[in-house]
Structure formats: structure tokens, C-alpha cells
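Listed next: structures, encoded as C-alpha cells.
Two complexes are shown next, each including subunit A; its partner changes from subunit B in the first to subunit C in the second.
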Partner chain A sequence: MVKVKVNDIEVDADPKDNCILAARKAGFEIPHYCWHESLSVVASCRMCLVEVGETKPDGTVAMGPKLVPGCQTPIKEGTVIRTESAKVKTTQQMTLELLLLNHPLDCSICDQAGECYLQDYTYKYGKAHSRLDEPKIQREDKYHIGEQIALFTDRCVMCTRCVRFTREISGTSELQVVARGSHEEIDVFPETPCNNKLAGNVVDLCPVGALCSKDFLYKKRVWWLKHAESVCTGCSTGCSIHVDQNENKVYRLRPRENPQAQGHFMCDEGRYGFKYIHDDRRLKYPRLKNPSANSNTAVASSRPSDLSFADPWPTVLSEARKRIQTAIQNDPSGFVAVLSPQMTLEEAYLLASYIKGIDPRTKLTLGPVPVSGSDDLYPKGPKGEPPAAGKVKFTIRAEKCPNRLGVEAVLRHFERSVILAESLGKSSASAWYVVGGYSAGWVNEKLDQAVGTPSLLIVQDIFPSPLSERADIVLAAGSFAEREGTYVNHAGLAQAAHASIRPPEEARADGRILMELAGRTGLFNAMALRKEIGTKIAELSAIAVGELGDYGVRLAKYANQPVAAKS
Partner chain B sequence: MSETQNKPAKKKTVKWGDAPKLSVLDALYLPAIASGLATAIKHAVSGKPTTRQYPEVEPEIPPNYRGVHRLNRDEAGRVKCVACYMCQTACPANCIEIIAAPAPKDDPHWKDRDKFPATFTIDELRCIYCGMCEEACPVDAIELTSIYDLTGMTREEMIFDKEKLLSVFDETVKTGRDPVRTNRGKLGPASELSPTAKDAPPPPGRGKSG
Partner chain C sequence: MSQTEFKPVLLGRVGRPDSQSLASYRADGGYEALAKALKMANTEVIDVVKNSGLRGRGGAGFPTGLKWTFLPKDVNGPIYLCINGDESEPGTFNNRVLIEEDPHQVLEGIVISSFATRSTTAYFYLRYEYGRCYRTLQKAVDEMYANNLLGKNILGSGYDLDIYLHRGACAYICGEETGLIESLEGKRAWPRIKPPFPAIEGAFRRPTVVNNVETMACIPHILKHGTEWFQSMGIPKDPNNPRDAGSYGPKLYCISGHVNKPGLVELPMGITARDLIDKHGGGVWKGRQAKAVIPGGLSMGFMTNAELDTPLDFNGPGRVGCLGLGTAAVVVIDDHTSMVDVLYNACRFFAHESCGQCTPCREGTAWSTKILERIRDGRGKLSDIDLLLEIANSIGTIPGTTICGLADGAAWPIKTGINKFRGEFEEYIKSGRRSQSHALAGAH
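And now, the complex of A and B:
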């Protein structure tokens, strides 16, 4: 730690910090465009010019004669930074005037308006007028940059964050700067658009509205979006995300910086893979198969005709409770509950403690763990080869579920071992409680055969499946955006996810279903449940704090594993 | 009310005025009654009717009257609105609903436009006619006309869509009662050189300071 003086406020800063980070510690913002914490430094935007000096041994302060870029200037003991002097302010005004010279000022149709650093800095540091008399240079929009990315060329401030991202983080190097001087533009080689699996991040990186997501283009003005802090459930990396929604519809996912989980970015699979939550085929109503009439043709995605405006849940849940009790009394070891690795810790705990509470001879198993291919490591080499160990900056994991470790910990506590549901063999139990929650078809042949046609089949899922078709009771559950709870990622990092929208129609978040099914009083409260789980299950004692914070907490068992983003 | 009771403890910002004292004659109220009667009689015998013969004679509407909305067209006849949602954001009654879409770039007619409103709906029943949408509009696309006698048989027909709002424009512009009031192309006061800008320190590199 070194002592640095920022505008006469003394702070302890890391010797590796630059002036921007040191000033941030002192509570001062040094505006910047091109600098980004996880990218290399180019100092090209000139927005972060500040006065820097040093303290001489005799205590006098010698300021440098010129302004220096704060992003590029290292600090040392006694460094003095001035960010608010008249000289700095005038320079900031001039830099902004220059950056805005050819800017089209089309904020009214720009998707970035509202979260644009050109807007923000112009309000804070800029002038209200331009002295340019010449006509502005107009450039063609480039919709060919990528499948998901559009480039509005004339809004660009040439910070080259996107170029450096494709070179340093994704390693695919599609984007580049072409031409020079005022003709500079971002572009791709012909026929090689920026379509790598991390490409969506350049839209977040772009501090202005130049790179826009085609998926989100003109869908919503950003000031109407409400943000919930959540966790991406696409793979076991467990990227921290913001879920942006308006009027119960999720419009986009954005990565949330978390050095413990994934760093600053997220992959496109996760970013654009949320749309299944608004799929029309989702289960929207709980359904009870009429024991007298054996045909079960009603589709749970449309409102059953016998269901009037009354709430169907009390009937369905009390019937479910009754049948579970009877089934367990008749054949306790023949009752199998399948816990899905899509479940949150709280939901897994509620279900496990409920089933085991009725009879400890019942069996808890782990549902299918979807795996596709192998881990995808970035940055890629020139031929697309994965990086050497220790140089990995981002990983898309092969395990496509968010909480295998967490559910396994719950299973180990209640069942002493982790049994895979698929390994049980044909028609091995008389009663099943199966939890799904996957984004796509997940019932494989083995599981289908293992379940067979039992005397009782309860399915808690979000999409119709072969199992829900023949289930006696279908409980329409919630997707990741509708659930509240904790996920444990591949490195044992427990992160809290918050619900952002309501489930469709009469569907309910899993936690709420299980609270009522287990006969617990009160509302589902993830925080209270975390405290309970933390005290009951030794392996998960770290989450007993309840509030997991923005970055989550590591479970003690995995504390020695390397930090996720780097492995 | 005395002055001491009502003034705030610290700041003397509020001035309290007392009602004028009435003389004995005023306190009788007879002179006031007489002058009031005189006014009434004067109007009764003057022979000048003050009743307005509406609807046979339509009233003169001041030019800043805020009536039914219209969506203006640009020179090419396209809807001027760029779907920036500023009016929807500013609307205190939540009566505007826009769905934006990328402009059909392949169509040469739309070549210079990026974004346009695919739908633009105003619920005229929910609207409070405050004119905030007009003020918020950065491209002078939405304006309130002087149409004051809007009626309808159903709620549905009072929900105006884009076509209806454009037809209001065509109608009102034709009659000339509501010219396009705003000056397209002229910059507003916000973009003019502010008085403080002249006093700002000269940029370095010019004169002595550089």
C-alpha cells in the first residue's frame, strides 16, 4: 500500500493501481472512455487527463508540467493527483468537444441514451455547445459487423475497447481499426463477422451507442428497465448478471462485475439464452389428473376448462400432499424424489427436508446433469486453439446447469451419497417426485424408463415433457428469472439470485410451491432459509450469513480452488 | 392572524398581509349591493346578448389551446416521429404507448431514417391534455391541435392509433386553423451560446496560458 493524495485527500492505494483507481478510492471520478479494468491500456481517448505530481523528500509538491492520462500513469508513494483544477476541467471540456465534433447527436433514436458515457460526461464535464461550423462527417451504419451486433459508425469515439476485447479476451481478433485520422472506423474483414461466443460483450464495453445489440435494438428505452441482480443459469460458471425487465418481460441480461465468479463478461449463450422463459409452451397451470377419468388430455399450458377464476393451487397442493403421504406410508423405500441441478439451494433443501421428514427411508436422487462438449476456454489462439493453462480469461463450461454442487451438498446431507436418478434402472420405484426446470428437453431415455408408469408421479417443471404428459400431478414452476435463491457454481461460490418477474399465469416459483407443500408457514424467504440451511448443513455453513453480498461467498470446502475467472 | 404567529422561526421569507380594515359604511355592505345591482341592470337593458350560441356559432379558440393530438408528417409525408419515447416518458397520465421498429432501410423512401414508430397509440380518454408530450418531443412530431369537441360512442374509438393521429394532422393542416407551430431546423434556446461559456477560461494552447 502506498499513500496517494487526490485533491488533498490522502488515501492508501495499491501500488499496481493507476490514477483512475486511486482517485476512485478517494471518491473522485476521473472520466475515461478507452480504459477498462480488464483490457490493456492505450490512453487514446484523452478523457482522463489529470494533473499528477510527486511529493519531494522535503515535503514540497512538484506538479508535472503537462497533464497526463490517468489510466496510463502509475502511482507511487507520495503521488499527488489533481482532478478538479481549472486546467483539468478546461481540458476535459475540450476533449469532449473534440469527441463530439462528428457525433450525430441522435440521442433520441440511440439505444445507448440513458446509459451513455458521452451523455453523462457531457453533462458533468462538457460544454453545452459546439464551435464546429463545418458539416459533420456522416458514415454508413454497419449491420454486417456481427449476427448480434450493429455498428453505428458515426457515434463511435474510437476508444478501441471492442478491438482490444476481441484481441485480448476472446482472442478471435475480428474487429479492427481501418483507415487513419478522421477517417478511422471500426470494421471487420469481409466475410469474417464478429460472431464469436463472447461477441455480445463488445456492446456492453462500448461506452457510447456505436455498438448496439441487434437483439435489443429499439426494443425498450433503458430508463424503463428495472434491474435485478441475479446469476446466469446457463452453465456452471455462474456469471453474475443483471436481469433487465419491464412490465414482467425480460429484455436483456447484462454481466455484473464479479471477480469471484467470471470477471466483467458473460457469454452469448447465456446472454441471449434467456428467451425460453417467455415461451408460450410453458406450463402455466397446475394440473391434477382426475383419478376417475383415466384420460389425461388436458394441456397444462392453456387454462383448463374446469378451472374457473378460482386459485387452483390449494386444491392441487393439498391433493399432492395427501397422495405423497399415502405413497410413502405404503412403500417408503419406493418413493424417489429427483432433485434437479437447476434448483436453488433453498428449493432443494425444502424438498429434501420435506420428503425425508415424512420417512427417512425415502430416496433422494440427482436429476440429469446436462453436459455439452467440453469447457470452452478463452482467449483463443490464432488457429482457434484454447489458451495455455494460467492464461485463461473466460470459460464457458460444458456443464449446463447452475447448481450441481449445491444440490449435491444437500443430497449428501440428507441421503449420505449422491445417487443419479438415471442409474436407478427400469421402473425401480412406485412413486416419483420429479423436479425439472431445464430450458430444453431434459428427460432422457434412461430417466424415462426408470420412472416408467409408477402409481404416483408428481412433476414440477416449466415445460411439458414425456413425464409431465403422464404425470398424476403437474406443478407449474418458475424459471430462473422468477426464482429467488442461491446457486453454487463450479468453484464452490454461493451467489444469491433475486427474482425479477412474476411467473406466467398461474405458475409459481418453486420455492413458493415447496413452502406450501411442506406445510411451512409464512412466505418463501431466501435469506431466512439460507440461515437455516447454513446452520443445518455443515458443508454449506458459509451461507449462514444470510446476506451473500454482491460477489457471493466461497464454501469452505472449495476455498483452495483457484478463483473462477482464471481457471 | 398576527404576524408573529405564522412566520417561520428562522427565516423571514413569508410576508403575511392583513385584510384591509372596513369602514363603517363598508361594513354595512349596502354600497356593494347597490353597485352589484347596477351592473346587473346595465347588462339587462343594454340589449347586448352574452350567451354563446354554441354549436351554431363556434367559439374562437386561442392558438395555444391544447386539444386533440396529432402526429405531424415530414416533408416526404412520412411520420415525423422517430420513436424516441420522450413523450411517453414525459406523459404524467401514461396515455401514450409506442412500439418502435427499425425503419425499412431497403425502401428508398425510408433510407435516411433509422427508427420509426411501428405503432403509436394515445388514449384520448386517459389524456389530461397537459401538453408535456409536445414539449418533450425533440423533432416536433407530436402537437396538440385546437380540436376541443372530441366525442365518441365507445372507449375503443377514443384510443387513437398512428393512422388516426396522422389523419388529424392532414385534416388540421388543410383547414389552416392549426399550422405547424414549431420551427423545424431552427435550434432551440438550449443550443445557443450560453452567457457563461464566454466567461470560461480560454483553452490552453491559445494566447499566454498554453
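And now, the complex of A and C:
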């Protein structure tokens, strides 16, 4: 740590910091466009020009003669940074006037309005009017730039963050600067649009409204969006995200910076993969197939899950509780609960402790772990080859579920081992409690046969499946956006996710269902449960703190793993 | 040494029959300096160049020997020498004559400099428009390979060197040393941020020296005749200014514009602009007076007629508000020419050539061009003059707002043009007349 003085406020800064980061620590913003923490420094937007000097051994301060870019200038002991001098302010005003020279000022129809750095900086550092008397340069919009990306060329400030992203992070190099001087534009080569699996990040990186997501385009003004901090459940990387919703509808996911998890970015699979939560085929109502029949006389015909057949939650849950009790009493070792790797720690814990609490001879198993291909590493080489070890900047993992490690830890605690539900033989148990929560068809043949047609089948899921079709009790559960809880990613990082919307119709978040089923009093409270789990399960003791912070906490067992963002 | 008895050094062989051939160059004592240098230690060669006071001829006038000493002491792997033959400063054509007429003189300098800097590869970056230069050079390089002056074990010294000719693609910015390096690497010629300087991390991320063609042409003569001979020409150090490195040696002055006899002359450093125009350029044409003179390429700004007695050494133009000596390309503008037209043309050039990386230069050069376009169209406002000055003052490295010096070059003609000819601009705007010079109009 070195001591740095920013506008007369002294702070301790990392010697690796640049002036922007050091000033941030002192509470001062140095405006910038081209600089981004995870991209190379080009120092070309010239928005971050500040006065920098050093403290001489005799205590006097010698300021440099010129303004220097805060992004490019390293700090050392005694560095003095001035961000608010008249010289700095005049330069900032001029730079903003120049940046807005050919900008169309079409904020009223621009998606970025409200989260645009041209707007924000102009309010804070700019001036109200432009002295340009001549016509602005007009440029063609480029909808062809990518399947999911549109370029509003005349809004661009040429920070080249997007270009550097495709060169340095995705390694796919689709985006280029073409032409020269004030005529230059971002573009792609013919027939090679920016469609790589990380392409959506260039929209987030764009500090202005030039690159927009076609998926979100003109759907919602950003100031109506409410943001919930969450975790992407698309793969075991567990990217930290923001879920942006309005009136119970999720409009977009955005990566949330987390050096412990994935860095600054997320993949398109995760980014656009949330649509299923608003699918009309969701299970929306709890359902009893045959409330009066006893467990030996299952009715073969299934009932459609529309409102007319909905049963009220209290009826369904008390019936479920009753039948679980009976089934376990009749055949304790024939009762199998399937915990899904989509579940949060809290949900897995609630279900496991409830079932084991009735009889320890019951069996807890792990549901299918979806795997697709192999880990996809970035940046890609020129021929699409994966990067060398140690050069990896982003990984889309083959394991397409968020919490296998966490659920396994719960299983190890209650069951002493992790048994795969699929590995149980045909019709291997008399009663099943199966939890799903997957975004797509997940019941494989092995699981289907293992479950068979038992005397009791309870399914807690979000979509209909072969199992829910023949279930005795269906519990309509919540998707990731509707649940609150903790996920443990591939590197043992436990992160808290917050609910952003309500489940559709009568469906309920899994935690709420399980609290009531287990007869626990009070509302579902992830924080309280984390404390409980942390004290009960040694492997998960790290989450006993309750509040996991923005970046999450590492489980002790994985403390020596490399930081996930780099592996 | 007075100017009258000065015998051209760099242009000494220009005009002789067959001056491009290796045989004729050797007959005139060519490659003797190389043989001499190869017998010395490379550090001794650096010392000779350093002691000679040779300053880079590309424009900035940085001491050449000092630049070479910035290379790291212990280097594993290659060091590169890049020759900047991207001569694109408006008004400049000395490299062209040197290469076309006496390529071996330049190439000898390159081999000596490569030896001194421990480079085993030299890249000759040549602007694309210089087709004849390219062919002449390639022929000369081939001759050298055939005669053991390039390749392995040059002249039996154990020193190896390869020279590659690289043709640019017609961009002014490739003359900026890090822009040149990027272009050489096959990238967009966007100047790099410094540090690291090229001496530490240059072409292909290796230690690199970038030198101008005329600088290279001086090297064999310094080796041959010694530092005292070199320092007998030019303007010595200013004893009152410890930072002055002196302006020694012969210099090629390009004379163009409204003169009777445009051309290239070689003189010891320090001739005044007036002498240069009157004695060597045949005076201002059509019996007119010079209104303004560009001392060293467009980016250096303008001198007025009253300032023409300024010596054209490394310090002279700076004393009258110009950016520096630049490439010593003197462009004369007669008193029948409108400074508004001249400035418009200058701004149009820089707006066209701005690489577009830094905001102030990219937008500022284009904006000032638009303003001047409007003034020339008779729609100027008096406030435009101050606006132009404000734009000029807020771009460039000297206020610290851009990566490279192109923006300074773009700003200086505006600053000097308006400050020195403000009355003319005001009068022009007030009259509301439209420019008569249609030759300059058109899309940029």
C-alpha cells in the first residue's frame, strides 16, 4: 500500500492502481470512457485527464506541467492527484463538447438514456450548449453488426472498448475500426458479424447508446427497471448478475462485477437464457391428483394443470405432509428424495433436514447434473482454439447447473455420500419426492425408470415433465428469479442471490413451500437459514456469517483454488 | 565554414551519372566508413555519433546517439532498427532525393547504425507513393547482398544484418514513430501510449530504434570525417542554455511554394529563412513579397515576413512561436494569397490525416476545418476566430491532451496563423466575401 493524496484527501492505494482507482478510493470520480478494468489501456478518449504531481522529500508538492490521463498514469508513494482544478475542468468541458459534436442527441429515443455516460458526464462535467454551427456528420445505423447487437453509429464515441473486448476477452476479433479521423466507425467485415458467445458484453461495455441489445431494444426505459443482485444459474461458473425487472417481468440480465466469480462479463447463453421463466407452459398451480384415493390406487389419467383443477396450497401441503409421513412410516428405506442441483443451499437443507428428521433411514439423492459438451474457454485463438493454461479470461462451463457443489455438501452431511438418483435401479423405491427447477426437459430415461410408478410421487418443479404428469402431488415452484438463496459455484464460492419477481399465478418459491411443508414457523429467510446451515454443516461453515457480501465467500475446502475469474 | 565555400555532403553525389550503383558509390569512397565502423566496438560507434551532436532529421531533433543509448544493456533476442521513410510532411522531399539519387549512402548509414545498436534486422518503412525510391532501394539492397554488405558475416566482421523494405499505405500518421511501428506490425497505425518507449518495447514488442532517412545519410560521413568536421558546420550550443544540444552538420532544406526556383539545397544548419529564399530559392515569384513562410513543414506553423531573419536551426523557429525546425521544408506564401485559404488547406490536411484515436484531435481537426469552410463561404462570425484558437489550444500534446504530436502539428498552423494574421481573418469575415480559391475547395 502506498499513500496517495487526491484533492487533499490522503488514501492508501494499491501500487498497481492507476489514478482513476486511487481517486475512487478517496471518493472522487475521474470520468472516463475508454478505460475499463479488464481491458488494455489505450488512453484515447482523453476524458480522464487530471493533474498529477509528486511529493518531494522536503514535503513540497511538484505538479507535472501537463495534464495526464488518469487511466495510464501509475501511482507511487506521495503521488498527488488533482481532479477538480480549473485546468482539469476546462479540459473536461472541451472534451465533452468535442465528443458531442457529431452526436445526434437523440436521447429521447435512445435505449441507453438513463444509464449513459455521455448524459451523466455532461451533467456533471460538461456545459449546456455546443458551439458547432455546421451540420453534424450523419452515419448509417448498422443492424447487421450482430445477431443480438445493433450499432447506432452516430452515437459512438470511439472508445474502442468493444473492439478490445473481441480482441482480448473473446479472442474472436469481429469488431474493427474502419475509416479514419472524424469519419471512423465501428464495423465488422462482411459476412462475419459479432455473434460469438460473449458478444452481448459489448453492449454493457459501450458507455453510450451506440451498441444496443436487440433483445432489449425499445422494450423498457431503463429508469423503470428495478435491479436485484443475483447469480446466473446457467452454468457452474455462477456469474454474478443483476436481474432487471419491471412489474414482475424480467427484461434483461446484466453481469455484475465480481472478481471472485467471473470478472466483469457473462455469456450470451446466460444473458438471454432467462426467457423460460415467463414461459406460458410453467406450472402455475399446486395440484393433487387424487386427494381421496389412498396410495395404492393411483389413477392412470393425468389432469391438465389449469385453474379449474387447482387445489389450494393449504390443502395440498397438508395432504403432502400426511402422505409423506405415512409413506415413511410404511417403508422408511423405500422413501427417496431427489435434490436438484438447481436448488439453493437453503432449499436443499430444508428438504433434507425435513425428510431425515422424520426417519434417518430415508434416502437422499442428487438429481441429474446437466452437462453439455466441454468447458468453453476464452479468449479464443485465431483458429478458434482455446487459450493456453493461465491465459484464460472467461469460461462457459459444461456443467449447466448452479449449485452441484452446494447440494452435494448438504447430501454429504445428511446422507454421508452423494448418491445419483439415476443410479438407483428400476422402480427402486416406493415413494419419491422429486425436485426439478431446470429450464428444459431434464427427466432422463434412467431417472424415469428409477421412479417408475411408485405408491407416492411428489414433484416440485417449474415445468410439466413425464414425472409431474404422473405425480400424485405437484408443487408449482419458483424459477431462479423468484427465489432467494445461496449457490456454490464450481470453485466453492458461495454467493447470495435475491429474488426479483413473484412466481407466476399460484406458484410459490421453493423455500416457502419447504418451510411450510417442514412445519417450520415464520417466513423463509435466507440469511437466518445460512446461519443455521453454517453452524450445522461443517463443510459450509463459511456461510454462517449470514451476509455474504457482493462477492460471496469461499468455502474453506476450496480456499486454495485459483480465483475463478482467471481459471 | 562560410556558406559560400560549403561543398554539399549529403547531396555530393547527386546528379552524377550512375550515382545509384554500388560500383560508383564505392569508387567515391563508399562503404569505407562501414569497414571502419565494423572494426570498432559498437559502443565506440555510438560514442562517435553522440559526440558529433547529430540530431534526428525527422522533425523533433532528438540527439541520435542519445536515443541509441536508451536501448537496454542486456537484451536476449533481437533489437530492431526502423528507418522512417514515410516522408509525408507537406513540403518535404529530401528523403526522396536521397533515396532515389544515392541509395547506398543511406544504406551504409543503416548498416553502421544497426551495428551500433546491435540490431540484426532493419526495417525500411517507405511511404507507398515513393515507387521509384522503392525500386531503387530494392536494387541497391540486392547489390549489397551480392557483395557481402548485407546478410551473414558482413565484410568478414562476423556481423549479420538483414534489411526489409516495407511500403506503407499512404497515411501521414505512419511517420509518427509508434504509428510506424504499429503499421509495420500490420496493424492500424494508431500511435502507442508511452511509456514504454520504443527503445524498451517497440516493433514486435522488442527494443527498437526509429531513425529518419536523412539522419542515416549523415552517419557514414561522421564516421569518415569525424566529429570535429561535423561540428565545424552549423550553430554551436547556446552557452546560456544548458538544455540546448546545438544544431550541427549539414541540413537539407526543401524550398517550395511561391518562389522562382523551388528545390532541395544542402547547407550548414542555421541559414536564415530570408537568405534561403533569396539566395537559394531565387526569391519570391512574380516580384511579390512573402506574406508568410512555413519554416519546416506545415505542422510547424507560420513565420511572418518580419520574422524571416530567423536562423533555420533547431532553436530558431521556436523563438518566433513556431513549433520547431521540423523537416526544414520551407514553404513560401506570397502576399497575394489569403491566409484563410492557407489555413483552411492546412486544417483540411490534418483533419484528413488524424488517425482518429484521441478525441481532441479527431473531433478538433474536423471541427476547425468546418469552421474555416464556413468562413471561406462568406458565413464566418468574428467569434469563430476565438473559437478556432480555443480548439487549437485544447488539442495537442503540449496541453497534454493527445497521445502523439499530430494534434500539435494541427494546432500550430491555427495558433500562429490566427495570432500573426488576426487582422486579415477579421477583415475577411467582416467583408463577408467568398473565397476565390476554388482549387482548394472540395470534399476532404
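As a working rule, the second predicted complex is superposed on the first by the 546 of 567 C-alpha atoms of A that agree within 3 Å, B and C clash if a C-alpha of one lies under 4 Å from a C-alpha of the other, contacts with A are read in each partner's own complex, and residues count from 1 in each chain.
We take it that contacts are C-beta pairs under 8 Å (C-beta built on N, C-alpha and C of every residue); 3 or more make two chains touch, one makes a residue touch a chain.
Remember, predicted model here, so these are calculated numbers, not experimental data.
Comparing subunit B with subunit C, the partner in contact with more residues of subunit A is C.
Using the contact criterion defined above for the overlaid structures, shared-chain residue A:Ile75 touches neither subunit B nor subunit C, since it reaches no partner. In the superposition on chain A, A:Asp106 makes contact with subunit B only, not with subunit C. In the superposition on chain A, A:Leu467 contacts neither subunit B nor subunit C. Of the two partner chains placed by superposition, only subunit C is touched by A:Thr95; subunit B is not.
Touch criterion met: A:Trp223 reaches subunit B, while subunit C stays clear of it. Touch criterion met: A:Val157 reaches subunit C, while subunit B stays clear of it.
When both complexes are aligned on chain A by C-alpha atoms, subunit A residues 90-91, 94 touch subunit B in the first and subunit C in the second.
Residues 171, 188, 190, 193, 351-360, 362-367, 370-371, 373-374, 381, 387, 390, 394, 397-403 of subunit C touch subunit A in their complex.
Within the complex formed with subunit C, the residues of subunit A that make contact are 41-47, 49, 65-69, 72, 90-91, 94-95, 98-99, 101-102, 131-134, 137, 157-158, 177, 179-184. Against subunit A, in their complex, subunit B makes its touches with residues 82-86, 89, 100-102, 114-115, 138-139, 190-194, 197, 200-201, 203-204. Contact residues on subunit A toward subunit B in their complex (touch as defined above): 86-87, 90-91, 93-94, 106-109, 113, 127-129, 141, 152, 217-219, 221, 223-224.
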